[in-house]
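You will see two complexes here that share chain A, one where it goes with chain B and one where it goes with chain C.
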Partner chain A sequence: MAATLVLLGKIWLWAGAAVAAVFLTFGLDRIDEDAQEAYVFRPLLIPGVLMIWPLVLWRWWHIERHGDITMARYSPVRSAHTAAAVAMSIAIILVLSFGWNARQDWPGDVAPVQMTKGSDE
Partner chain B sequence: MSVKYIPVQWNPNKWFYDGIMLVGVFVFLWVFLEIAPGVLSHERPINPQIHNARAFGACAFVMLTIILCIGPLARLDRRFLPLLYNRRHFGVMTAAVALTHANYVLGWYFAFSHIPPLEGLLSANQSYFQVAGFPFELLGLFSLICLLLLAVTSHDFWLKFLTAPVWKRIHFLIYPAYAALVGHVALGILQDQQTHMVSALFIGGPVLVCVLHLLAVVHGRVKADRIAKGHGWLAVANVAEMQEGRAKIARLPDGNRVAVFLHEGKLSAISNACAHQNGPLGEGRIVDCLVTCPWHGFQYDVRTGQSPAPFTERVPTFAVRLNGKIIEVDPTPNPPGTPVKPVPLPEAAP
Partner chain C sequence: MSDKPFFIGYMPAPEGLRAFLVIVAAAVIGGMAGASWVLGVGQDDPGPGAVRGDYGRQNLMGIVELVPYPLLHVVEGSDTIPEGTTLMMSAGNKAGVDARALPLDGQLAAVSGVVMERGDLQMLQLRGGRRGLGPGGGPMDIPEPVDMGRWRLAGEICDGKCLAGAMRPGRGLAHRACAAMCLLGDVPPVFVSSQPVDGEEFMLITGPDETPLPKEAYDFLSQYVSVEGTIKRHGDLLVFSIDAATLKLTN
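And now, the complex of A and B:
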């Protein structure tokens, strides 16, 4: 299972490398006038393309077809801030509680319990 | 701002910000590695590899905690806004420190086996259904992947290419990343931590982050922007409320916000969302016809919604009119960068 995950990760990154090669040498100049004749910054984009290449392909296709400026650009995702902050706070409180309760030396004078047999037993 | 992309758009403020940040990182690591081993009171002697891993891990935890405090602090008190200014560099540095921590961990705990280190990390502990002994390493791995994703998409190109709303949604990963990091610590080092100072750091930091975020939520509810009222043209403010060089912000029926500015006795309205990161333009001040976004300093002419040449950013504009003493806007935005003739206030009208 672990080996499969690592292999999938490698395939993902190789696909991203192929997308990066085409996008940074060919596509970038077509969709962003600020990138034309600007080459020094392009290597900085490679890690990002490797990680989110499907999104890069989608945005590239979208800009080619519909153009860059859409009104959606000016619709901030404000309401999600509250939900994200509350969800994060709940998760933190829960995980801190679980972690603190799982400590074997709390609330005090509790003998540690060996969870698995050691190699010498 | 835009024009041609360069790797990093340095300016004196960024040099100063990054300098302070770097000094802070080095001081933290120096104290952790050289000054405080006695305070950390490791029960068993640890080797330099583990000590380094813990130092960089603790440093990344503190950095991410500070990053997550900056946002709500800036919303609660504008004096913290300068800390928001270069937060992306802070995030990139945090990802680098976290990656160094992971490298030390993989190079020690998973280095002496026939299984490749990453496969070893993913397979060594599979006790997913218990709290004590949970594979906390995977929580750290998730957090690290999120931090790397945020770091590698931090260049301004990504903002423009993905658009601010998509970019912001990706960068919301900072919240689950931090929750996972707290889990990584709570189910990891805290299980064995005997030093109250370190425990207080690892518990107090997340609690502070939660409190600040919840306070900011409450503050946002109390200070909520006014809602534009009416049908067709919407009332946003009374002329008596307007201040020269400042704006009144109102929420439109579609959920977006309009900022109505008073400049040289005339009214102009633009989108409240900066084209850069959707910062609140209406909270900025007008200087020489240009409103400056309080988040990152992007500027726009309030009469046209355009950045001054040679910059190319644009925001939508809105038509404004006066209905007696009531200022009204047409809720349908004009295309970004559309000039709109400013409306003089009655006392300023010829």
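And now, the complex of A and C:
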């Protein structure tokens, strides 16, 4: 299980590295004219791209296809956002509760069992 | 332009939002305090383990034995650590002293360091280099181990340094990552038994026939497990040589 999680983490980060390499060298210039000929800040974006590279790809594709949607960010909060916020809050409580209940109890009532005697006994 | 009141942190709060602001602020403060209390009382007691700097530096003479983690059978003790004590040893940070102890296996050695103590478990953190562990006079007879047979025990696999007092908590899930790092650094691993075996709650845990703890056991660190293995008494310390295939969670 642990090895699988580590493998999935590696795959995620390597994919993020590939996206970061392409996006920060070519893609950024195509979708943000303010970033053109500005390079020093780009390495600072690498850790973030490694983590959220699917969102970076989606935004890149969206802007390439539909143009910048910057102003859309300032639209009023949608009703679906409220439901999402409530759902996430409930999920956090459920995850904490599950984790709390999944904790093991110290096996203080389990006595040591001698299965065979030692050669010196 | 909308007439709805709009709150900006550096301006006085609008009349229509003050009550809402007070309620939200009280809820956040009260909620955080409540969450802190719940998380705090939900934690296990870290226990009495501590770095006993108040004992002062311990300068001892003893016989080094590798099982395969280095033990010291004390032959010239101190007020704190009497002759006949069997000590586990570690270096500073998350490191053991295997490399320094290897050439001294079966020999008298002079050691110097500070004690960490939890109940009858003691770990000596050595000073750096030969000041911490150096030759003391050549080969000596290692106390003959006593075979105590095969046992099935329940308990927890920890690293002996943090458990003894280097960390608080030094055991449990909250300490799992630290324990793994310590064991990867060759700090001696310790098994905490659910009930004493021959009077001992803590024992050094190794692989079969006193080989290094197998990596399979690392998956069970800091969880409550049952496991089978043989126990031998080395000096006044029990050494539990486990069969990793028998490791399983207790519940």
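As a working rule, the second predicted complex is superposed on the first by the 72 of 121 C-alpha atoms of A that agree within 3 Å, B and C clash if a C-alpha of one lies under 4 Å from a C-alpha of the other, contacts with A are read in each partner's own complex, and residues count from 1 in each chain.
The rule is simple: a residue touches a chain if its C-beta (ideal position, glycine included) is under 8 Å from a C-beta of that chain, and two chains touch if they have at least 3 such contacts.
No experiment lies behind these values; they were computed from the predicted model shown.
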*asked:* Just checking: does A:54 make contact with chain B only, chain C only, both, or neither of them? Give me first, second, both or neither.
replied: neither
*Looking at the overlay, what does A:103 touch: chain B (first), chain C (second), both, or neither?*
both
*Quick one: classify A:40 as touching chain B (first), chain C (second), both or neither.*
first
*Check whether A:114 is in contact with chain B, with chain C, with both or with neither, and answer first, second, both or neither.*
second
_Counting residues of chain A touched by each partner, does chain B or chain C come out ahead?_
B
*Do chain B and chain C land on any of the same chain A residues, and which?*
2, 100, 103-105, 115
*Which part of chain B faces chain A closely enough to touch in the complex?*
2-7, 72, 116, 118-123, 131-133, 148-149, 152-153, 155, 157-158, 160-166, 168-170, 172, 175-176, 178-179, 182-183, 185-187, 190-191, 194, 203, 206-207, 209-210, 213-214, 216-217, 220, 254-256, 271, 273, 275, 278, 312, 314-316, 333, 335-336
*Which residues, counting only chain A, touch chain B once they are in their complex?*
1-3, 5-6, 31-38, 40-41, 44-45, 47-48, 50-52, 55-56, 59, 63, 68-82, 84-89, 91-93, 95-96, 98-105, 115
*Which of the residues in chain A end up touching chain C in this complex?*
2, 100, 103-121
*Which residues, counting only chain C, touch chain A once they are in their complex?*
42, 146-155, 173, 193-197, 219, 223-224, 226, 228, 230-232, 249-251
